[in-house]
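Report on the following structure.
Note that the chains are named A, B and C in the order they appear, and that numbering of residues resets to 1 at the start of each chain.
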Amino acid sequence: MPLPPARRINSRGRRLDPLALLEHQGRDLDLELLRAQRDRSVIAHPDLPRDVVVELCHLGAHMEASDVASCHPLDGKLVITAFFEPSTRTRLSFESAVARLDGKLLSVPDAKVTGVAKGESLQDIGEMFNSYGDLVVMRHTRTEALEEIGTGLELPLVNAGNGSGEHPTQALVDWYALLKWRPCLADPEPAEDQRIHLGVVGTPGSMRAVKSFVFMALAFAPAIRRLTVVSEMADPFGADLHGAIERTAIPVEVTNDISEVLPELDVVYMNSIALLGDSYKQLDSRYRITTDSPLRPDAVIMHPLARRDELDVSLDDSRHNLYFAQAAGAVYLRQALLVSLLGRVHRLPFFD
Amino acid sequence: MPLPPARRINSRGRRLDPLALLEHQGRDLDLELLRAQRDRSVIAHPDLPRDVVVELCHLGAHMEASDVASCHPLDGKLVITAFFEPSTRTRLSFESAVARLDGKLLSVPDAKVTGVAKGESLQDIGEMFNSYGDLVVMRHTRTEALEEIGTGLELPLVNAGNGSGEHPTQALVDWYALLKWRPCLADPEPAEDQRIHLGVVGTPGSMRAVKSFVFMALAFAPAIRRLTVVSEMADPFGADLHGAIERTAIPVEVTNDISEVLPELDVVYMNSIALLGDSYKQLDSRYRITTDSPLRPDAVIMHPLARRDELDVSLDDSRHNLYFAQAAGAVYLRQALLVSLLGRVHRLPFFD
Amino acid sequence: MPLPPARRINSRGRRLDPLALLEHQGRDLDLELLRAQRDRSVIAHPDLPRDVVVELCHLGAHMEASDVASCHPLDGKLVITAFFEPSTRTRLSFESAVARLDGKLLSVPDAKVTGVAKGESLQDIGEMFNSYGDLVVMRHTRTEALEEIGTGLELPLVNAGNGSGEHPTQALVDWYALLKWRPCLADPEPAEDQRIHLGVVGTPGSMRAVKSFVFMALAFAPAIRRLTVVSEMADPFGADLHGAIERTAIPVEVTNDISEVLPELDVVYMNSIALLGDSYKQLDSRYRITTDSPLRPDAVIMHPLARRDELDVSLDDSRHNLYFAQAAGAVYLRQALLVSLLGRVHRLPFFD
């Protein structure tokens, strides 16, 4: 079935071409691996091993390159988006993904309109959701909230951010952008001059999106020449990430001087705010990046957005800007994930 | 048309089988009675006489036993869920019911985002809704709100809870669970050993769900051997329920000692909070039920949920737990109601 | 294709018949003009010249007179309703229009659940929306918000009210009611006795709906015999409206005495509240209209609603009441607009 090309792209910064990723892969989708994701939950980094990430990005690229709406892949499926911590980007990108594939939505944009405000337990809410939908996407201010709802919930659960825990689908979105930008990063042994010096500006231990991104980077160890974390904290990692770093051969360093390391980085990953219990801590103002920062000419900047001052708008029109393309790919990657978890891969036109 | 069986069930406690109800009925659906519900409103207990309740439960059991989504029964119909008092369970179960049947939704989850916050009258909002949808499901903190919107509204109106008034669709959900649990309760003359001693823990006069449940129980008088209300109040009923009780032959008593009566009860119906004007009053802490409570071995506990401490989680895995199955049936019963009120019964595959 | 007649009408006041407008037009729809609206934005009055207004009303009348849902005109299109300032009527009428035509919706009913609350810029939100939907309907408390989001947004943008700026689709709804009421007002030269003395009670300079309505009235200059503004302010217009008034030949006057001018008016347009920065100012209590007001027997009252005390409910059952019919037409006119902007006019059954 010939399909018209998809239309949406980022308006500024680098454009990322899904065909680049598809051509580099040069093989059919791994239908068995995608089918095996059916009814699984995505809570944290162990739920997304490297081969699954690559295949979801592969499928996402197919969805970005084609218009699959006419296949109605999620027809009859009902997704509950339960955002006990408010969100725009993540919630709307999941909801856009569902709507584009003709699924149905039950939206809880705010804890204040739920029984949680009256003191209902997450376990009871999980039990309730069993009867109401087919999959739950949940965000919560508390790290342990996923475990609590999981004691009652029997549906697949997708973590859209739990306190200072993880945000695994953001990491998927981030690596989808990286693999479109440089497809050989998915190779078992990328050429030496293609391997990246990755800089992370922020605190993985208390920034869930950064933590999930770094965990996923460790799973792509052959692609990472070096990892530098820029933070004013002596130990920005936290215990579980420490253990994972020690199990890889990637050289890792921490610095509090961004101007020293910036000229060496191929990829700069930034984030805006760290969760500290119920409050937020903004990124140290020294770590602001602008067009005046000493970036390599071909360096790219990633940011899960929303941003504050740390990422200057002067960069938006530059070739350093990978963050708009990163955001623009979010819907396709989440479509690939939902279609897999809901067991509807066979409805897509990419298989014979 | 052969239809696949439905999938959702409660994870714990008793499972209720819709086939038990269908086999006991042993007859076709009463198409004429269901069709006669078209364009009706459901405001309070007189809108749901016994024969209509039985037939909606009969239809709900068919919907629970089959997957009717592929018939798109509510295609082209638009339901407005107007929750001026926030709710999770009731709103989401109505919205799930609509979405599963391929109807459209306009959702007002919160009075704060409406013109009501700016001082608009409910009469004007009712007039507005006439142009926007086909049926309105409404909840409000004030008892008189339904009457007010009704002066402007010409669409069918379903009461999803009005102050300390009624909550008639919750009573439908409750009786759907009871009729699946013991189908002969719908008979004109149930066998003596099947009739139930019903205990109600709470204050029907100020708890709308309990009030509607008791009104519906009175309509099933042959099924009720005795009704005991456990309350610290001398008169927990309120005026209108008093009159209805006097018109039945059911023996009714009030006690403030739960441990005395609990060993005699077949069915225990609990609720959590009572509305007192704009505030809530929690159930008296003496009336808490746990696995240590002196329940009969085959007694079942019902609760419209959400719960607080009064219903201990230790009961969740016991055979006393009917409340999870009660909640799990809510979507099917509300589907049966909406399909009937919106005149789409003929789209269902249960009629020749 | 024969289509069943539409069902929804206002319950009280005058009924407006779309066939009256269609018969007066007596010609086919101007397909080329409607198709030329594809991908356009509607920000302010210059985006809606007179010929476009007439043709959108013409199309709206066709949609009101027929049931076009079975054509699924917006199938596969996704509309984002971003209401950073809360609204009931405008948001729900847009959402009803989308749902009735089988489009999909992403709804942002409240700024509090968005990244805006965390300090995200509207420019970044606009960039984000590019990947999430096909058209954005936006309301905001600040006048300059549209310009800000427009720096990032590449999708068509419909202004649903920006601070004290404009509310152009409300003006479309208003003129749709006027053209159904007296179709010859769309003629190049209406007969002298059909031209109207238009009274506006309120402050166009600080009431966005009134401002857009008056701008559109100026575009229909041949239909306006005289324009009287009733306000306690010496200059109720503001700078840009002043210039536009000077470029027409319509006699314009300002008075603070409503009882003096009311007996002369054919059409009275009222509004309730004026925006003054972040606060509201209610209409002067002297300008209240009731059945005791000295209205001409055939005068009609318009109001975009919601109302407060200025428009007494005693008028609801009178023939002066055009405001309920005005509201009842809103969904059809917004359907006509969305189908045009989204390039789906050809899906409608009105063209050969």
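By definition in this document, a residue touches a chain if its C-beta (ideal position, glycine included) is under 8 Å from a C-beta of that chain, and two chains touch if they have at least 3 such contacts.
Predicted model only: the values in this text are computed from it and were never measured.
Chain contact topology: the protein chains form a complete graph, every chain touching every other one.
Taken over every residue number at the interface, the positions common to subunit A and subunit B amount to under half, indicating a different-residue contact. Each chain gets one centre point, the mean of its Cα atoms, and the points for subunit A and subunit B are 41 Å apart.
Counting partners per residue, subunit C has 107, 109-110 as the residues that reach two or more other chains. The part of subunit B that touches subunit C in the complex is made up of residues 76, 78, 80, 104-110, 112-121, 123-125, 127-128, 130-133, 152, 154.
Only residues 8-12, 69-70, 83, 86-89, 92-93, 95-96, 99-100, 107, 109-110, 273, 305-308, 313, 324, 327-331 of subunit A touch subunit C when the two sit together in their complex.
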